[in-house]
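There are two complexes below, and they share subunit A, which is joined by subunit B in the first and by subunit C in the second.
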Partner chain A sequence: MESGKNQKFIKPPIKVLLAKPAIDGHDRGIFVLARAFRDAGMEVIYAGLLPTPEEVVDTAVNEDVDVIALSLLNGAHMTAFKKVMDILKKRGINDIAVVGGGIIPDEDKPKLEKMGVTGNFGPGTRLDVIIDHVTKRALEVRELRKNEYK
Partner chain B sequence: MQNSFYEEKVSQIQKSFKIDEKYERWKNSTLADWNKKTGYREKNYTNSSDFKIKELYTRGDLPENLDEVLGMPGEYPYTRGVYPNMYRGKLWTMRMFSGFGTPEDTNKRLKYLISNGETGLSIAFDMPTLYGYDCDNPRAEGEVGKCGVNVSSLADMERIFDGIDLSKISTSMTINAPAAILTAMYFVLAQKKGVNLDRISGTVQADILKEYIAQKEWMYPPEAHIRLIRDMLVYSTENVPKWNYISVSGYHIREAGSSAVQELAFTLADGFYYIDTGIDAGLDVDKFAPRMSFFFNSSINFFEEIAKFRAARRIWATVLKEKYGAKNPRSMQLKFHTQTSGYTLTWQQPLNNIVRTTIEAMAAVLGGTQSLHTNSYDEAWALPTDEAVKVALRTQQIIAEESGIADVIDPLGGSYYVERLTSEMEEAVYKYLDEIEKMGGILNAVKKGYIQKEIAETSYRKQLRIENMDDIVVGVNKYVEEDEKPINILKIDEIAEKNQVKRLKELKTKRNNEMVSRSLDRLRDAMQDEKVNLMPYIMDCVRNYATIEEISNVGREIFGEWKEPKIY
Partner chain C sequence: MNINDIVNGILAGDKRMIARSISLIENDESAREAIIERIYSHGSAKIIGITGPPGVGKSTIIGNLAPMLAKTGKVSILAVDPASPFSGGSILGNRIRMQEALSRYNIYMRSTSNRLYEGGLSEYSWDIIKVMEASGSDYIIVETVGSGQSDLDIMNIADITCVILAPGLGDEIQAVKSGLMEIGNIFIVNKMDREDSYMAIKDIRETLNMSNKADIPVIGLNSLTLENYDRFVKYINDWEYQNKYRRNERKIKQIIMEKIYRIYSEYINNIDSADIENENPYYAAEKIMKNVAGQKFGYLEK
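Now for the complex of A and B:
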């Protein structure tokens, strides 16, 4: 796979929902990512501030996204990311990838991975690293969908 | 067409500078020859505000009317400081922003800081509190006590300030959407402790405009919050003379990604909006302007920050005097709190953050701050540990008492570079103010999303500069180490949330619920009449131990909620 910023060769473009699924107004990072994903050729939807985990999943399903990218800087990731994962699981959705980022202590990362939230990028991560990861996960779930339809 | 007030200011500043022939000669001969011979470091020399930075500043960079634009310390236009004796009179207040877990955890931290020489208190609230939700709201799950202390009712405030004499120490509260409620709690708490309201001092942030711009913590549409600000302004002007009813904040605007000049321009525009609010409420500007305070960020470009603080004072004084006709010198004195930049702290090699904070704290002191919070080195990881916060406090004490920096008033005054930067900052801010005025004022600009988009744009450009190595961040894009060792971080005990929820449940059975609902009903009625000052009604609710969410919900019912304009 080509690395970094240019994913424009992927058709249709990868569709990402960016969301902060809790009471958290720190949106600098998510706006930077929105721009970076778009510049990389992805289609980006921002869930707005203060969506509930249910609203996040609803939007993801209605918009038929490949990836949900969750960001929290308020320390609530273990609860809020889990809620999103639980709802996906309950509804039997396994073809939407979930990635995370924010202020996430190292010890929480394996727990989030186990839940199915990958990436879990911290401050100072390069944009191309995040873009690569999102792309990888998106292509994985697309593969999954293809097999499902067979 | 006649120039607007701000256009006139821009033209005055531009006219005060002439081309410096000596510098031009030197640059084109001596410097150019030398560079040719020895080579030079290729770099785009700019600062966050996108000013072009020269390699040398000379006498020609001083404005021709230098004495006039500088003034003397404690004299108009206060470029050199608001007090005649500055830190020889009194050191800045060392005020560490603190709060986590339960009220007891925070009470312990406050006492720890006081015992280590802190001279003012500053309370950080958790997210549910900041948005006006109680700890038992389902949305608050997992967030109680995480980003600050949880306050659901007056009972929590009583525990936070247990054993602390409110007449002896000033308190700053970082609270915005529910600012009127927390202010009411603090006032009622003082009364219950037997301290008269004219003896308490402190600051409530309350600056809602910058919430829509940057921090994004609101409850109602802007007009409703502005009414509440008016009510706090009027109530404390009349009853709590030493209370700063607002702290107009650039800090969050900067953290959200703005440049230094954007931080200053948008903050001052907000400040002028609140001045208009007071005047519209029928008050004389000289009655309430003296108690308006400010809060700025100090970031890593040392001289740019110093120039920003000096320009802030000069612009505020000039506009208050010339545009608003203020006569009381105290109305013209811009007093401010500073916090070092959280954004510049790196997760990588966290001890380096001590050095960053030191540079930023020095800029704040050289810029003449009235109080200062220094960030702890572990804050890109979590809320700070006792150990980290002590180093941060000691950083201030070393600057104050070892370095000699505080011995002289405005020691950089007259520096060719600093004076030129101060004027450039001033000019660029006036241009923004003019633009905002022409858009129909700051509230309109915010509702249109213009200000938010400006910030998002700057923030994205900044990130790209880091990725392209145009801006270096040590440990992040240069001098990177592969093995980052984890550091010891503060963990918020999950039990904090359970305890808070349990307490709130108990409170609701113990308090007089009839009194609670009656005071809430009276508040509801008062809210329907735009002219009524809501502060006494909110104080009544608080006194009866109505919760923050119960009080906020009355507002949500009457004023409705707010949806952000599309920024991205």
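Now for the complex of A and C:
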């Protein structure tokens, strides 16, 4: 996009919520991601430190995001990510994609995938890999919503 | 889900439907017109505009103000943050400062990007406010982007415009004298715990008095101790709300501008810079417009 021009957005930007849904203050990684997503043309909302899983889902619904990107580096992913997924399921929300990341052991990744948390990127992952994955999931969700509305 | 579900959801105050309708308004032109057509006549709310330079505490003040207003009515919040002129993306950070209040008092809050629209709000802020109004809100708090001197759109949308300032802007207060300093119905100096805060109040008071605005209050707030918030809330509640006419007039003009722009953007975008490189710009523009009237593209007749 050319700088300084008052031009229309032709494609609606992807909206992402970044959240760390447990007691975890390691937010350097999530700030790096926030900037990377912004530079990829997305609208990024960061939920701040220490939101509860309920707050994460509330925020996602109120802001109508396409993707929730969860990050945990403290090992609580199997509990906290699951809780977010359970709340989404309980409220009957199937049109928000959830991706994960952080310090996630390889043996947990298939379990998370099964829950519906995809990606599960660890440290050292290239940013464009993450951006591509989020974009892919967002477009899947958009497709779902398109069919729903018409 | 179809348009009737969405409209009924808005009128019933269903947050998921409100959220979805706002996305449709931002992204889909035909849905936007369909939604506004159905909800147009519903609801009436007091629209409170919060504006001011970046970093003075607009979001923090809203986080404190919203629960106080929630005692007397339903509150909704719309916050606008700037988009990046390079990528078009944005980081919407207002929510962090008010998350606690939102969850506890069941307040609907939406952050939007201005999508490079100039003036301190986004292009569809009017539409989003309309949706919030139709959802039964009594108060709608609208936060602008951290504004410069000329981001003044808020005064056409809000019933009451609150300009937030902070101590330490002392010298700049002189600089923003015209523009921002003219649109406030109330001036707030936040961060009263800081040094020089009383000097800031004095400076603003003097500026207002000089322009015959002695009846406009300047209130110092301390957002850590909630000092003086009661005066702020009282002033907002006692304000005589009357702006609907100007708000609509402004929106109608904007819609017409947008439609004209869309018709002519095709012609504007078809101008080849090689053709006009050495021309007098005024002459070139005149000639292109004549060509447009004759339904031709560009500068040179091809």
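We take it that the second predicted complex is superposed on the first by the 140 of 150 C-alpha atoms of A that agree within 3 Å, B and C clash if a C-alpha of one lies under 4 Å from a C-alpha of the other, contacts with A are read in each partner's own complex, and residues count from 1 in each chain.
We take it that a contact is a pair of C-beta atoms (placed from the backbone, for glycine too) under 8 Å apart; a residue touches a chain by one contact, two chains touch by 3 or more.
Not measured: the values here are computed from a predicted model.
In the superposed pair of complexes, A:D64 makes contact with subunit C only, with no contact to subunit B.
In the superposition on chain A, A:A76 makes contact with subunit B only, while subunit C stays out of contact range. When both complexes are overlaid on chain A, the residue A:P105 reaches subunit B alone and has no touch with subunit C.
Contact with neither subunit B nor subunit C is seen for A:M115 once the two complexes are overlaid on the shared chain. Applying the stated contact rule after C-alpha superposition, one finds that A:Y46 touches each of subunit B and subunit C. When both complexes are overlaid on chain A, the residue A:L127 reaches subunit B alone and has no touch with subunit C.
Of the two partner chains placed around the shared chain by superposition, neither subunit B nor subunit C is touched by A:L139.
In the superposition on chain A, contact is made by A:A34 with both subunit B and subunit C.
Judged by the document's definition of touching, subunit A residues 34-35, 44, 46, 48 lie at the interface with subunit B and also at the interface with subunit C. For subunit C in complex with subunit A, the touching residues are 1-3, 15-16, 19-20, 22-24, 26-28, 31, 83-93, 95-96, 99, 102-103, 108-111, 113, 115-118. Contact residues on subunit A toward subunit B in their complex (touch as defined above): 22-25, 27-28, 31-32, 34-36, 44, 46, 48-50, 52, 74-76, 78-80, 103, 105-106, 122-124, 126-128.
Considering their complex, residues 1, 3-7, 9, 12-13, 15, 34-35, 37-48, 51, 54-55, 58-59, 61-64, 93, 148-150 of subunit A touch subunit C. Subunit B makes touch with subunit A in their complex at residues 127-128, 130-131, 133, 139-143, 146-147, 211, 215-217, 255-257, 343, 346-348, 380-383, 456, 459-460, 463, 467, 473, 475-477, 486, 489, 492, 563-564, 567-568.
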